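Across the two complexes that follow, subunit A remains constant while its partner is subunit B and subsequently subunit C.
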Partner chain A sequence: MNSDQETFNINESPELTSRVLTDASASGPVIAFFTSAVFWLLIGTVFGLIASIKFNFPDWLGSIPALTFGRVRPAHLNAVIYGWASMAIAGCYVWLTARLCRTEVGWPRLLYISVLLWNMGVLYGIISILGGHTQGMEWLEFPRIAVYLITPAAVSLSLSILRTFHARQVKHIYVSLWYVLASVVWFPILYLIANLPFYSGVTQAAANWWYAHNLLTVWVTPAGLAAAYYFIPKVIGRPIHSYYLSLLGFWTFALFYNWNGIHHLVGGPLPTWLISTSIVASVLMFIPVITVAINHHLTMIGHFKKLKYSPTLRFVVFGAMCYTAVSFQGSIEALRSFSEVSHFTHYTIGHAHLGLYAFFTMILFGAIYYIMPRLVKWEWPYPVLIKFHFWFVALGIALYVVSLTIGGILQGFYMNDASQPFIESVNITKPYLLARSIAGVLILIGHLFFIYIFTLMVTRKGAIRLTPPWREEPEAATR
Partner chain B sequence: MMYIRASIFFLGVLATLFLGWAGLTMIPGLQIREIKPASALKPYKDQQLRGRAIYIREGCIYCHSQQTRPEGFGADQKRGWGRPSVPGDYVYDKPHLLGTMRTGPDLFNIAARQPSEDWHLIHLYDPRATSPGSIMPPYPWLFKEDEVFSKEVYAAKGERVVPVPEEFAPEGKVIIATHEALDLVAYLVSLNHTYSIEQKVNNNE
Partner chain C sequence: MATLMPLPLAGLILILVALLGGAMAMFAFLWAVRSKQFKDLSSGAYAIFDEEEPVGKMTDNTFGFPESEESTEKRD
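Moving on to the complex of A and B:
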């Protein structure tokens, strides 16, 4: 495909050779997944911003049915979850698995089928929601046809990754790979079970929230953690602090996180034992979260000044810290006394964005900044735009979370005070909702910088890379 | 040795997922299946079901819950939003519309608080015409504008004129409710679960 490989002497070590071959085999599918993901990120961000501005100006675009709040909001969620997040995860998993197994990507054609079906599914789903066709449940809005497109896409991805794993050339299985393998086994099963038409009434509510929270358990969080476990040691060039902590962290994560979902229905019409189970499991999440936090922190310690030089490290460490923050917040939020105030308010939306954006999306940005140059053999043009990207989205998400956290708590206090008319719980949030829209604008601007340099990268425009990236990788950091 | 370890890993991974599924949906499903619908609860009529479909289509769920909290947990009881809801209130609901957000008020018993069809029609046409300060979006596509005729003309055509206050209506026009608006309002004014229930199911202590 490209003669660069001969230009540089890559036979210096067998490890380098394997990396080059691995990256060459991953290149096509991973670029396809990342490009799709970035496209849906833009669409999702625009929908999110429209939905946010509608809180400030409820009559804006008020006569267009497809752009009413109740359709744009699920379009935002589904575009960022099934478009951006899922396809960024897919690209990241394919590359990570091949790298960690030191082998070429297995069944690459399946991955092209996957990326095609995935895009068709998301496109069909989003258009359906805007047209008013929805299954009507949060996180499960996509109509059947979209589900029938996305399920085989997910299965194809999983098969390819398991095939790569089967052909592995290493004995030791690094912790990132545990999360990837668990994730690709879990996700298609979860997605299919949740879309079964068995449920109704409050059982359906339980199944709905078991699914919605488990999508974080089986798909979003493992991806963020797998990437953090890989890139932090990789970039700073030292092994992860403790293997046994990683082991403890993984299994407690798998055991407890699968039981969290019903904390979304605290105070609702479901059996008390059921809600209590999820609250207990949510509090137990402190164990895997603290384990991961200690492990990452002890790996990073003494190397924080490297944050200045490596964009990957800056994004990933920002995300890893937010993982600790959002998990602590989530455990506390599940408690009845706290939920009494925060449930039904914008506080929850702030929490969701701390998780899905400040933790997950930031880490995936870091991963893309690391992986892309190795696939297109081209350096990121305009490093200053990477800085702009980071600071716009970092400040944007900080403003976002802080404003909705304060606004949500106030909303909860007013809602729970029967001496206040209900409308006061709306009025009190208005300045905070305006701040949220400003945060959304900052995030969109950050994304535009990112999308601009990403496009230059894929089309190989901008500055020419002088040294091949694989020479700069510290040796064997992920052993 | 490698294969055994990998097998144990994948079995463990599958077990954690299925245990959670069984514990959080299957077992409560079996328990809830035993619960009979509250005797005063009626299945939805056709028009109400059509209205419910519009409620789903327009995404009302993203701002309105349909579940009332018990005494001592939030202010639902003090606000008079109706007794705490129980699983038996939801047996005819598919998809469920419990909701997780209260940007607007809970609607589980909205018909008991606001039974007026006209109020709901005006509110859907322009929320700020009935509720100053509201940030709810308007739904003008559920309505059509018409020239001003006499009441008898509309009555003869079988059309429902919405009494929108003058300052919120377009000049020289009247607002007519479409079938969709009437269906949605039929659903909203059916949302009344204030009937008393036989067994006391205490969900939260």
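Moving on to the complex of A and C:
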């Protein structure tokens, strides 16, 4: 390690050297997190597609208990949330924090422990769900043993990131870092509180949705926004349009978003004031969302042609636009009048995927495309496959969201129409559910392209390419 | 799952945790104000750039460069 540092220090540019060192210190754990994330992405996608096809052919795989809808569906959700999303976030956070603090990753051994426990937790949880063991609450299906594995994994991650932050070499805390810090402080607390064993009845439902929505508040959304606030200006080489707005956005986000959970229970047997408070907070989310939307758009303006040259920019800008869309949709969806139609329909599933896929996952793809070459010291082989990846998943998720939005609204109107038999509200959705399965196939194909080039990347195989900025880095930087 | 303690007691603990969390966020904000994080906002946006990767330089060209349209180059 010391001899490596000496080799780096020979280089005349101290800033480049420190960036190379920073990236090198993040390399092992971040690659481990991303590789695990990509593995769970594949598992999660396959479960999702199986669940979707069951809507078209209800008897398919029905005779195998482990692959019945009631088990495959939560297996999909938990694999993508705790496997793909969480470990992609972890990798992204570790790298971003080191970069933004301009220092090496703190306590890297904790990160290896974290990635190990996290994988064990998710593996145990998914197998339990398929075996029929579940806590029975959405997003909290994992049995306790999985929780006991994931909680210390999350705490280890947070400790390492806070350690990196503590050793920072910069005075100013960049806006992305605010999101990261809030996220790593709150996620373990949230996860622990939600899994405490003393909720029952209506309280349990309230705690359940308080948790599920706050997982977006403290974990998924900050990760997407932190990455967007870093990668958009960094890739195009232009600072954020209004830095003031970006910080206003962060603090209003922190103030309003954590009240939103109970809007999932509009019409439920909870005190009206509780639901109303949540609806008000949901509408207030327009403020942070608009600051983000204006900022990202005005930063990009005049630079849209750069989308042609950067895969990272393509994925991140696509995700940032979908963030505006999904947040506006979410604020409206929280209203009682709108919920009368949309609640309990496929519309909600479309909304969830617009958020977790079109916004979050797309931005994280962009982040991985940027981070990996700098860790592996290898260029992405076959750029054309990245284009295939982008177009397959972009068209796939567009078809997914559009079909479920239309199908869900129609379903809602049919369910509210007392003159229609209930089965009509099911029949009306059939073509849209078929479109959803086709969209799922497109997304799976896109993921296979991604997984193929990701595997080549990790193993440093494939067509040899070398383009700046790697050309100008010291030779010692390559392994 | 058997309940460990009666709900009112659990609620009390959770309310305390929530207040503590709120206080924590407020202290973080006050600390940020005191340590002048919000003082010079125009320069904060430049924190992600440096001499090697300055403003005006694109840092991801996996699909090629605006000038040459050339994306692949053989290693020597």
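Here is the rule we use: the second predicted complex is superposed on the first by the 454 of 479 C-alpha atoms of A that agree within 3 Å, B and C clash if a C-alpha of one lies under 4 Å from a C-alpha of the other, contacts with A are read in each partner's own complex, and residues count from 1 in each chain.
Assume a contact is a pair of C-beta atoms (placed from the backbone, for glycine too) under 8 Å apart; a residue touches a chain by one contact, two chains touch by 3 or more.
Owing to the predicted nature of the structure, the values given are computational and were not obtained by experimental measurement.
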Superposition on subunit A - do subunit B and subunit C clash or fit: clash
Which superposed partner A:L100 touches (first subunit B, second subunit C, both, neither): second
Partner chain in contact with A:E340 - subunit B first, subunit C second, else both or neither: first
Partner chain(s) touched by A:W380 [first = subunit B, second = subunit C, both, neither]: second
Partner chain in contact with A:A205 - subunit B first, subunit C second, else both or neither: first
Touching partner for A:H264 - first (subunit B), second (subunit C), both, neither: first
Which superposed partner A:F69 touches (first subunit B, second subunit C, both, neither): first
Touching both subunit B and subunit C, residues of subunit A: 135, 182, 185-186, 189, 193, 199-200, 203, 251, 254
Residues on subunit B engaged by subunit A in the complex (per definition of touch): 2, 9-10, 12-14, 16-17, 19-21, 23-25, 28-29, 31-33, 56-63, 65, 67, 69-70, 73-75, 78-79, 84-87, 89-98, 100-105, 127-128, 131-141, 202-205
Touching residues (chain side subunit A, partner subunit B) in the complex: 54-56, 58-59, 62-63, 65, 68-71, 73-74, 132-138, 171, 178, 181-182, 185-186, 189-190, 193, 199-208, 210, 214, 218, 251, 254-255, 258-259, 261-262, 264-265, 267-272, 274-275, 277-278, 336, 340, 343-346, 348, 415-418, 422-423, 425-427, 430, 433
Subunit C-facing residues of subunit A, complex: 13, 15-16, 19, 100, 135, 170, 172-175, 182, 185-186, 189, 193, 196-200, 203, 230, 233-240, 243-244, 246-247, 251, 254, 305-306, 308-313, 369-370, 373, 379-380, 383, 386-387, 463-469
List of subunit C residues in touch with subunit A within their complex: 1-5, 7, 10, 14, 17, 21, 24-25, 29, 32, 37-38, 41-66, 71-75
